[in-house]
Structure formats: C-alpha cells, structure tokens
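After this come two complexes, each holding chain A, first together with chain B and then together with chain C.
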Partner chain A sequence: MTEAIIPGAAAVLPPAADPTAPLSERKQARRENWRLIRRRPGFIVGLIISLFWVLCAILGTHIAPKSPTKFLAKPNISPNGAFWFGTDKLGRDIFARVLVGAREVLVVAPVAALLGVIGGTLLGLLMGYKGGLVDSVLSRLVEAVLAMPTILIALLAVTTLGKSRFVVICTVAALFVPIVSRTVRAAVLAERNLDYVTSAKLRGESTMFIVGREILPNVLGPIIVETTVRIGYAIFTVAGLAFLGAGPEQGSPDWGAQVNEARQSLNGGIWWPTVFPALAIASLVIAVNLIADSIQSVLEA
Partner chain B sequence: MKRYILGRLLQTVITLWILATVVFFLVNVLPGNPGRTIYGNTAPEVVVEKYNRQIGYYDPAITQYGRAMKQLFTLDYGNSWRFNKPVSSVVWPAFGRSAKLAILALILTVPIAILAGRFAAKRRDSLLDRTIVTTGLATSSLPEFVTGSLLLYLFCVKWKIFKAFADPPAGTSFFGQWRYLLLPAIAMAIVYFGYVARMTRAGVINALNADYTRTATMKGLSPRQVMNRHIMRNALGPTIAVVAVQIGYLFGGLVMIETVFNYSGIGSLLLKAIVQKDMPVLQATIIMIGLVYMLATLAADLLIAWLNPRILLKAS
Partner chain C sequence: MQPALDVRDLEVAYTVRGIPRAVLRGVTFEVAPGEAFGLVGESGCGKSTTAYAALRYLPRNGAITAGQVLVDGKDITGMDAETLRRFRAREASMVYQDPGQALNPSLRIGRQLIESFTLLGQSKSEAAESALRALRRVHIAAPSSVMDRYPHQLSGGMLQRVVIAMALACNPKLLVLDEPTTGLDATVEAEVLELVKELRRETGAAVLMIAHNLGIIRDMCERVGVMYAGKIVEHGPAGAVFDHPQHPYTVGLLRSLPRRGARKHQRQLATIPGTLPLIGSILPTCVFVDRCPLADETCRTVEPPITDLGGGRWTRCHYPERIGELAAPEPSVDIAMLAPSAAGDGLLELSQVSKTFRQRGADIPALVDVELRLAEGETLGLVGESGSGKSTLAKTILGIESRDEGGTVALDGKAVAGSTMARSADEKRAVQMVFQNPDSALNRAWSVRRILTRAVRKLTGVKGEAANTRVEQLAAHLRLTPRHLDLKPRQLSGGLKQRVAIARAFAGDPRIVVCDEPTSALDVSVQAAILNLLADLQAEQRTSYVFITHDMGVVRYLADRIAVMYLGRIQELGPTDEVFNGPNHPYTEALLSAVPSVDGQTRERIVLSGEVPTPANPPAGCVFHPRCHRMIQGVCDVAEPPLVEVRPGHSMRCHIPIEDLARLQQADTLGVGA
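Right after this comes the complex of A and B.
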C-alpha cells in the first residue's frame, strides 16, 4: 500500500503549494482538498464511529451505567435488560467494559502512530535529501526491518522489556519508523531536484531551512495519509498484542485482553464476552481505515 | 539479471543477519535461568550450575552472539529448555502443520481475489465495484483474532457446522484433515482477500488505460484476448508482490489464528515459548518465520523481474 502513495507524491498539493506562492493560494488548495474529503460517505461514517469511541474513551467511567471492574452479578449471565451485553466469567458488566475499553487502545495507538510518523519523517527527510552513502546504508536497514513480521517482533519486545504502556508505545513506534521513512524518502526524492530547491540552495539557505521550510511543506500530503494509515495499523497491533497476552495488566478492560480472557468459554456457547469486544475492535479499525482511505484517495487523485 | 539476483540474495542474507541480531539482543535482555527452568525449583544448585555451564550460559556476550550467528546458518538450536528434546524435533512438525494451514488459506484467497479484483476493475465505480473495494478494505483491516473469533462463534457455536478445534484426531485421513482446517483457513483468507483484490484491481485499471491496451484493441483482438494476453500479464506484477508479502504476513498472522482455533502450529509454539521463556525454541521459530517471509519476497522479486525485465533497468 505504501507504494501506491509514491506516484501521487508530487501531485499531492497543486503547484499552488510552492512556498514562494502567496499563502492564500496554498490555503485555498488545502480548503478544496478538505471539502472533497468531507463529501465522501466513507469519511463521514468513519468519523462518526471514531468520534463515538473517542467520546467513550474520554468520558468512559462517567457514561458507563455500571462499574467496569466490580463484580456485580453472577458470572456469565446472557445479555438482558439489566446487563445489555451480559456479564463475564467474573460477573462484571460487559457493556461497561466495552465502553471503557476504548480508552486503553485510543491512548496507546495514536500516540505510538504519531511518534512513529515523526521519527519516520525525520529519517525519511534525511535519507531523501542527503542521498549517497547515508541513504544506501539506512535503506538497507529499513528494508531489513520491513522484512520482519511486525506483530512478532513487537510481541517479543513487549514480553522481554515489560508489559507497560510505555514499552508498547515505544515498540510500535519504533517498528513504524522505517515504514514511514520509506514513504517520506520517496516523496523527498521527487522534490529534491525541483527548481525551488535549487534556487533555495543558490540563495545560500541552510540545509535545515531547505529541508524544514521548503521540502517538508511539499511532502505533507503523503505524511498525512501515512499518519491515518498508521493509526489504523497501531490499533490493529495494540489490540493484537493485548490478545496475545502482551497487553496491559490482567483484568483491565482492554478489548483485546477481553477477547483473550473469554475465548475459552466460547465453545461452551457463552459468546457474549468474546463477541462484543471483538465487534468493538472491528468497528474502530474499520472506521479509522475508512477515514484513511478517503483522505488517501483525495490527496492522491 | 545475474547482478540483480546476486544483489537480492546479498540483501536477504543481510536482512536475516539483522533479524537474528535483534532477536539475540531481545532474548538476552530477558532475565532467566535455563538450568532452573529445566530442572525446576527443587533441583539442587549444583545440577543447575552444571547445566548452565554446559550450554554456555556464563560465556561472555560476544561468544554467545557468535554462537547465535552459527546457529543461524546451521539452523541447529540445540535442546529445548522445556521439552527436553532437540529444538528441530519440536519446530519442524509445528512448521509443517502451519504450512498446511497457510497453503490452504492461499489456495482459497488468491484465485478468488484475483477474479474479484479483475471483475471490479472492469466495472469500475459501479455498485459491485464499490462493494468489493469497501468489503476488501474492511476485512483486510481487521486483526486476525477478531475475524477468527467471530467466525468461530458463527460457525462452531451458533450453526455448529465446523469443529472448534483445528487439530484433527490422530489417524484422520489426508482429506479428513481439511475439514478441520477449513474454518481457520477461511478466517485467514478473509483478511488477505482485501489486499490481493485491491491490488489486482489497481493493476488492471492501470493496464486498461495503457497505450498497449488501446493498440491491442485497435488491431482487432477480441476483448478476451486483450484481457488475458495484455492486461492481466501486466497487471499481475504488483499482485504477485502482494501475494508474496502476504505469505510472510500469513505466517505472522498464524500466531493469532492458531491461538483462536487451538491449532498446534508454529504460531502457538512461538507463543508458548515466549510464555515459558524457552529461548532456543523462541529463537528458532522467529528465525524460521522470518526466513519464510524473506524467501517469499525474494521469490516474488525474481518472478516479477522475469515477467517484466524493465525492473532490472530501474534496479541497476
């Protein structure tokens, strides 16, 4: 999917985005893109679902009708009027646990994705602009990391370094850096030899200025696309880690962990502790991907 | 071509070396005492010490690293700390079972996804096209354990069509085994369908707009001939690349699917090794999965270069 971003890279922002052009023109192009994105049904649906979960994450315990961690009733009661999603094997309210469970993933995943994008952007700018030996060596390293199954390396790292939020965030971010850097590098390569860069060099601007103020604004398109895609993958990875037992503390209302704890009782016909958190993950991941897809198709059109 | 192949081979070796190094560092951070792990808490200290010395637990890090590198090339990881038998006798059977599952998933995914992608491209922007694209996006973005759990609920608990355990009882015939494997394979196929279908669709759309397609149509070839001889041949390049990368992901995703379906393949072996801190098995399984991943990508790159030699020009 990353390859698909490259050809459109140069065309992401219309020529109006040339830094020498009046600012209003660039603003106008941005506003036009935003208008196109907003009109896409996928974007609207994705945004509504995502906002719902963000709201749950922020308000969490305040809007949940019952406590997500207290043992309130008999274990494994099927969904009914009092317990909309039933109770789990410890008699906790699954509806409350699903609502509050949004918090864990929505704190960890976006932070990890953003850190990965920032790191990857810096690395990609360096590789793309410097070129030469630096680029060749780093490119080989990036390819090596890309060839590793993300979830396995993350799993190994989290189990060895400890199951804290901090470790999960750092691991996922570190695994995303090379992926993002490759996209940014390709976008920078397309810009590097354009006239505006040459003229900035002739003006005697510093490398920091050329990379930060001239090139960066012109490769923002692919970076924005990559950010939304990465948030989707981060949710995927964080939920997967929790499912494999490398998530937060036992008993905390995390979706992946809930599915993991409950899946053994699935065979006995007790489906509600597994199915509701699984559907919650599904809805959030699909929503984020709908947003990412809408932004991608507008910015790359 | 020769230069390209050599370059790619070298790159694969380097990648493997980096993977082994990363795994080595992560594994050695883990506090653990292999002798104690094997002999249990009640064993006398002398026995534990002796074992640890025997496997080189007290060696300096650089010696241990050298040993890890040697293991990488011989694929001999010594004895498991848990099963008390050679790692190879634990890893290979599990690998075989996983391969069976992965192959079945690929057989289910690839033809259907390519047909769906081609179909969608031909009817671009129609309702059916949108349905295929959106469904593909949705299913391919789901974590494997979510798809797996939901399928398990529907097919094993609600409708009782399949068995909830993927491990067939001993002595089940070759064809009898497929019935047990079908549901987990479908779960994986659902995840991978989206990637392959979308990539085929994009490739076909590109090829449909290409000059050579217009030429082929103008010179009077039938639409079917244009499609088979000109469009598909060009459109399949990216698809092959995606399928190859998916083989790697298939093996990564196996960890989740095998856990959901209680299947004793390499994924659940890896998870068990992590939980039990069985380092030799852990290293061997990760390297094995990495190896499959890299060989698949290598094979795909060579196949693509053979189908479309222009790649070679770009690479050199």
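Right after this comes the complex of A and C.
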C-alpha cells in the first residue's frame, strides 16, 4: 500500500482530532477495510466459487439433476449430453456425485480448522506471554510435531482411532494447533513488551485479564488470516484422508473417496471419474486461498 | 554566484486514496555554496517533504506538481531516471534520521562504504583506501576494525558517522541532513554536530538541514526558514529570527519552549491553540489564520504578501508591526506553586537500592547503592545519557523490576515489596506511570472510555455509575471532551493520546507519578500544553513526580531537584538552580554544555571523548574518570569518590572540592566571554 508513506512525519495523516470528525470513525475504518477487500478481484472470484460449493453442500440432492447413489446407466460412460461428467464404474452420475460431495468436506474442514485455530490461539497466547522456560519447552514440542509429515500422523490417528467424522475433525484440528500457535506466539511476543501491558501490571491486573482482554484483541488480525488459510489446508487434508481411505465409507459421494475409487480406471483412459472430483477439490482450495490472500493483504498492509 | 540549491515555488502533493493532497504550497528558498540553511516547524509542516523533494526522493505517491528545484544550476525536476541517478551519485547526498535504516544490516560496514566509492568509478583497492580515509575523516579511531563490523555492532553515534562518511564520499555540492541527531544522546549529538561543522568547513558543501530542535538549527545554520502548512512563513538569519521573530507562528513556537531558565513557579508555558490544518485542505489565504491571535478579516480574505524586513529577512504576515501585541501568557494557576514540603518528611525513600541484571552468567550492575528521597508535591528530575540507569531506577520504584536484596524502598516510611504484584492495592494506586510513547502505552484495541474506566475501577474500587461519573470528571479535568472518550487511541493526535495516558495515571489519585520522557515524541507547542498540565495537576493534588528526560530545558522548567546519573550511580543530586548554575559535577557540566540552545551558545562545548563504558565492567576508581575533562591522575582512577553533601541539600560524587570546581568552571566561562 502506498498510502502510508509520507516521509518524516507520521502526523501528516489526519489524526481526526478535530471536533467535526464523526463519532463512528471506528466503524468507518472497518468499513474501509471491507471495501478494500471487496475491491480485490481475487476475493470476488474466490467468494463466488466458495458460495457455489456452500450452496451445493446445503441443498445437496435437491439441486442435483439425478440421483448420486443410484446405478442409472452403463458404467464408465464418457461425458455427454445426458451425463455431463459421465458415469463411474458402477454407472452412477458423476455430476450429481460431485455436487453432493461438497457437503462432507465443507462440514468437516471448517469445523476442524476452527477448532485448530482456537487451540493454537490458546497455546500461542500461553507461550508468547509466559515466555521463559514454559515457552522454550512448548516451542521445542511444537517444532518436534511440525517436523513430522501431517498426513502420515493423520492417517495413523484415523486408522487407530476409527474413521468417524469426529475423529477426522479432532485429528486435523490437533495437527493445526502447533502451526497456529507459532503465528499467535509471534504476534503476542510483539505485544507483550508494549507499555500498555506494563500499565496493566501496574494497576494489578491478573494474567488472565492481560492476555484475554488486553492482548488478544490486538492479535485478532493474524488470527483471522490464519483461520482462512487453515480452512484451505483443512479441505485439502480432509480430502486427502478420504482419498487414503481414512474418511467416509466407500461408496459415499465424497470427493476424496471418489478420486480414490476411480484411480485404477485411469490406466484404461477413463479419466472423468477422477478428474471432475479432483477439479472440485482444487477449485474449492484455490477459492478459499484467494479469499485468505485478499484478507491478509488488506489486514496486514 | 550561482546558488548550490535553488528551490522556486515548489509544490508537492501526495496521492492518498486516489486524491492528490497538497503538502507543499509554494516553497521558495536558496542555499549558497558553503552555506547552511535550516528548516524548522512542527511535524506535518512539510520540512521533510522539502528535503526529500530537493533530491527528488519522494515516495511513489508523492509528486512535484509545480515549481523548480535547481541544484548547482541544474533543474532536477525534469531529469530522466539515468541522469537523476548520476546526479545523486555525484553531486548531492542525504543523511537520514535513523542511521540504522540507512545501512544494510546484513553487510559489513566496509563493504557498504567501499561500494559508495566503486560507484564513483574507483577500483576495488582504491575504494578500500578511500573508505579507510573516509572513516578517519569522521574521527573513527580504529577504521579497519569498524570496516569489519556489522551495523548492529556499532552505537548510534558511530553509525551516524559512518552514514555521514558515505554521504561525503562523492564530495557533494549539497548535503541534506534530515534530523541527523534525533534519537542520539545530547553528548553524542554534540559530537556529531561538531563533526558536521568541521566537515562543512573542509569540503565547502552547502547544507540543507531539517530539525525540530531549534537550538540545533541556531547552532548549525546561518539562515533559517520557518515552515507552516507547506509554506515558509518567516525567513532570515538564524540568530535574528530566533531572537526577534516577526511572524506570529515563530513567536508561538519560541514561546512554547521552556527556555532562559524558565521555572514552573514563574510562568506557564505558552501554547499555540488549535491544530495544524490537515494535508490537502484548502487554505486560500494566510495558512496560519485559524491559530493566530492577530488574525482579522483581512487575514481571512487576502493572502498575506511577503513583507521584506531588510537584511535578508522576510515574513509572510499582514501585520509584522503588530508582533509586539502578542503578550506573554498570563499565569492561570496560582503561581505560588505549593512549594514541596520540607525535605524532612520523605514521601518516598530509597536506601541502598541496587539492581543487578544477570546476562549469560555475568552480573551487570544497572543501579548501584541509590539513596533518594522524594517529598510530597516535589518533582525530581532524572537526567543522564542512555544506559545511565534512569529507567531502571524508575522501574525499581514502580516494582516493574525487583531491586536486589538489601535495599529498601519506603512509601510514607513503610517499606514496600520489590515487585508490583506483591504490593497492596493502596501501594499500587500510590505509584503510577506516564510512558514515553503513548502509542505503545495505550491499548489500541480499546476506546478511551474503556481505558479510563478500567483504570478507575481497578485503582479506586469504584464501580458502576459512580465509575462513569469519575471517568467523565477525570476526562474533563485533563481537557478531553466527551467526544474523545468514544474514540480509539489512533484517532487522536499525539498530544491527546498523551493526555489520555496522563488521565489513566491519575485515575486513582496517585501520590507519585513516574514520567518517562512524556513529551519527547511531541511537538514543542504540544509539549508546552502537557508540561502545563502536569504542573497544574501537581499544584492541585500535591502529586510528586519522578521525571526522566533528556531535555535540559524541560527538566529545568519542571523539576525542583535534579539527580544526574552515570553508570547506575547518582553523580550529583541537588536543587535545580544549583545544579544548572553550578558549580556542578564535571559530568553535569559536560551534559549541560552539550545542549545547543535556541538563545545561542553561552559556553564552550565540552566534548566527552569515548563511549559510555559497559556497566558489566565499570572503570576502576571514579566511574566517570576515563571521560572526565577534569580528571586528576592518581586520584580519580584509584578510588571511587563517595556521594557527599557539598552544600545543604546538594550532594556530589567527585574528588575535586567544590571550591576548586567553582574556580575552574568560573575560569572556563570567562574564557569564552573573552
């Protein structure tokens, strides 16, 4: 952003101290941020694609032109006028299955991401504010976890604890906690040494109050950005787990599971049962990341 | 003769949110070869923009919209990129405020310095030679070892010298200095300024200097331009402008400075009412009209002409002959500013207070055996270079840092715990703090109302409606309007933010308020308002202040007593007038002499050689002896002098008897006069 660079003086920009300035300037600032976000083409594109998939997830079978689970025709028909995306090896309509498949991923991924962000924020606040030994020990632990490949741990957890939706959510959330905690820790470290924290200590505030009420509101920006980024990763991870068989049971119209089911037929030149669900995953991940990028560039400008 | 820099009707606008906003509104001045020209004014008046525009270093959203800038006769406003690059490399240089940002942190000093010579076409080996010579020229004692170091390994003063060496690499015809000593200690500042003076004589470069400190400009520059809202409103020889200002703004600016030994008992500081117009606002006539006590209908309808006053002086005012009407401010408080109660009944007493930090297994004594008393309603000024222990002492009093075992801090004769957390609610309430930087001190996510309400509730225990009433009273008392209460800190100007911070400190009627350079980030007219406010509050509530500052004028105005610190030790402690007028400790003497005064230099500068030693390894004997200009061989380097009372209420830590100090200092002052 070029707007803030005026040499020599921070006071050049209107400090809005004159009595004519309207009261709602805080709201205006928020509206201004929102306006800047909306102006970004990436955000618009991302939002349209995401909203489309959300709509599919909510309405599901109501908008699918054909049944996603019935065997409607011969297997492996290539895309045509009747079956836009063709049929799979059991003769089910791939187009309907892709539309309906949004539901699983759009329930699991955001919930997992949100839980991960909440956990990571708590851990990050603790590490960043306490510092010292607590921070050193937890930081090493976090690094140790981060050194392991995400998907392998997830797979291990899901295979040992069961494939239920609950387990998938908890696993993905737990994997995100250390990642988020590092971001939050860094933000808290920058806040911790500011004088308003000293001032709070001087009037005898509790640690809970200082962390929760004084510091947390000032690190919300990075947390919001992290949340959107994490949703993108969660979609990918959840779809990946489903592909590896650690997700919804075989045959259910989940994108990851569909890709897995159909991948053997790829050798025979039957590309459509794999490509369309894969494209669906990619489009959603990209869309969410476009939104995340837009928010990030405005909030962190 | 052709001027080295000739700025004609320069207009600059910054595009903010798509709208071009005028910042410079027709700036005209010249700098002759070898001359130094200063621009002064408060932040936002356009002085830095003028400096950047003089070398066409404007940020991407800034553009020269009208006028010309001629450097050595060449118009740089029309130059193409390549010519401009060559011009900047060979003919003009700039030194910025923060030397740390002008250097690449990941490259050695030598490499960066050599580069500025290879750019001029020198070979590698020639450039290395030149680099060493350049460092010697700026009085860096061990140039080859400095070449091998990284920027973060050098002190601020050293860095600024390196930057000056780089700037002088091309023997520029024009040197632009933008606040070159802001952020440096007074003693280091004095050294850097002496260096610039000397190099100017040597190279004959013309200098354009920007500073908010009027004393520096008077000391360094022959001529000066006073800027306001993008225009030069007064222009002339520095001494004449500062001694007999002819524009209401200059008058206001000079009046708001605590100078000529002004004290809070004697008069209030003048302030300039109102605020600087926002950049880009439309100002058809006199730019100062809204804040000018002389303004009338003519000022609002007719643009003031440039009134030539002779001798190169002019002012942009309709009524320069009415300047005399600007009366000195009336005191609004009872000037019999309640004298602090007799030093006998100490409100705060420190005895044997030390603080030792442990770093990598080594003990670093930051405070050594501090003995202090503070009476009710008294202001104690703490002065000294950075690293002298001023802040550590303040933190120890507040309980942010726990003192070492053995020392005591007593409030009303009762010892208090070392750490804030272990103190009782009343003890917490009694000692509060005003910080240097209100941006850091106020929670930016909170509204002013929430900041104050929380402080009132927590410190006084008042709740509900009573707390709201108290907040409103408090705000009104600090001259904040109810409208301000619903804003967030970043929507307030620097002065208003500091008022909020002061209001918060006063929420629980504290007995002692520690002020850590509360006005150093503010413009002088705002500083004056804040200092007046602090004096008023003290007069009403008999609050005691511990006031940390680098600004000798400020501390003289506000403090009743002054403690001068060096390497964690109190070197001198006495009544303000005695400390200032002397005879004083040689360190105090040097500190005072380093400060450039807007009223002209009265005594010769004592340049302290070398840097402040590290507290981890203090010099033997008197800790100040390696830098002391009055050091006695065989005495000062052997034993540390005790802090003894040399006159009633005035203590000093020096081997030289006070009578001898008086004689020596008398002789030196006379020497300058002769």
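Note that in this section the second predicted complex is superposed on the first by the 273 of 301 C-alpha atoms of A that agree within 3 Å, B and C clash if a C-alpha of one lies under 4 Å from a C-alpha of the other, contacts with A are read in each partner's own complex, and residues count from 1 in each chain.
Keep this in mind: a contact is a pair of C-beta atoms (placed from the backbone, for glycine too) under 8 Å apart; a residue touches a chain by one contact, two chains touch by 3 or more.
As the structure is a computational prediction, the values presented were derived from the model and not from experiment.
Once the two complexes are laid over each other on the shared chain, residue contacts for A:Met148 go to chain B alone; chain C is not touched.
Touch criterion met: A:Asp293 reaches chain B, while chain C stays clear of it.
Of the two partner chains, chain B is the only one touched by A:Phe236; chain C is not. Between chain B and chain C, B contacts the larger number of chain A residues.
Of the two partner chains placed by superposition, only chain B is touched by A:Asn267; chain C is not. Of the two partner chains, chain C is the only one touched by A:Glu214; chain B is not. Contacts of A:Glu205 after superposition on the shared chain: chain C is touched, whereas chain B is not. Look at A:Tyr196: by the touch rule set out above, it reaches chain C but stays clear of chain B. The interface of chain A with chain B overlaps its interface with chain C at residues 3. Residues 1, 3-4, 42, 140-141, 143-145, 147-153, 155-157, 159-161, 232, 236, 239-240, 243-245, 256, 259-260, 263, 266-267, 269, 271, 274-275, 278-279, 281-282, 285-286, 288-290, 293 of chain A touch chain B in their complex.
The touching residues of chain B, counted against chain A in their complex, run 11, 14-15, 18-19, 22-23, 26-27, 29-30, 134, 137-138, 141-146, 149-150, 152-153, 156-158, 164, 195, 202, 238, 248-249, 251-253, 255-256, 259-260, 270-271, 274-275, 282, 286, 289-290, 293-294, 297.
Residues 14-17, 23, 43-44, 47-49, 51-52, 57-62, 97, 178-179, 210, 275-276, 278-279, 398-400, 420-421, 425, 428-429, 431-433, 435-437, 440-447, 454-455, 458-459, 481, 483, 486-488, 491-494, 496, 504, 508 of chain C are the ones that touch chain A when the two sit in their complex. Interface of chain A with chain C (complex): residues 2-3, 5-19, 21, 23, 25-26, 194-196, 198-199, 201-205, 214, 217-218, 220.
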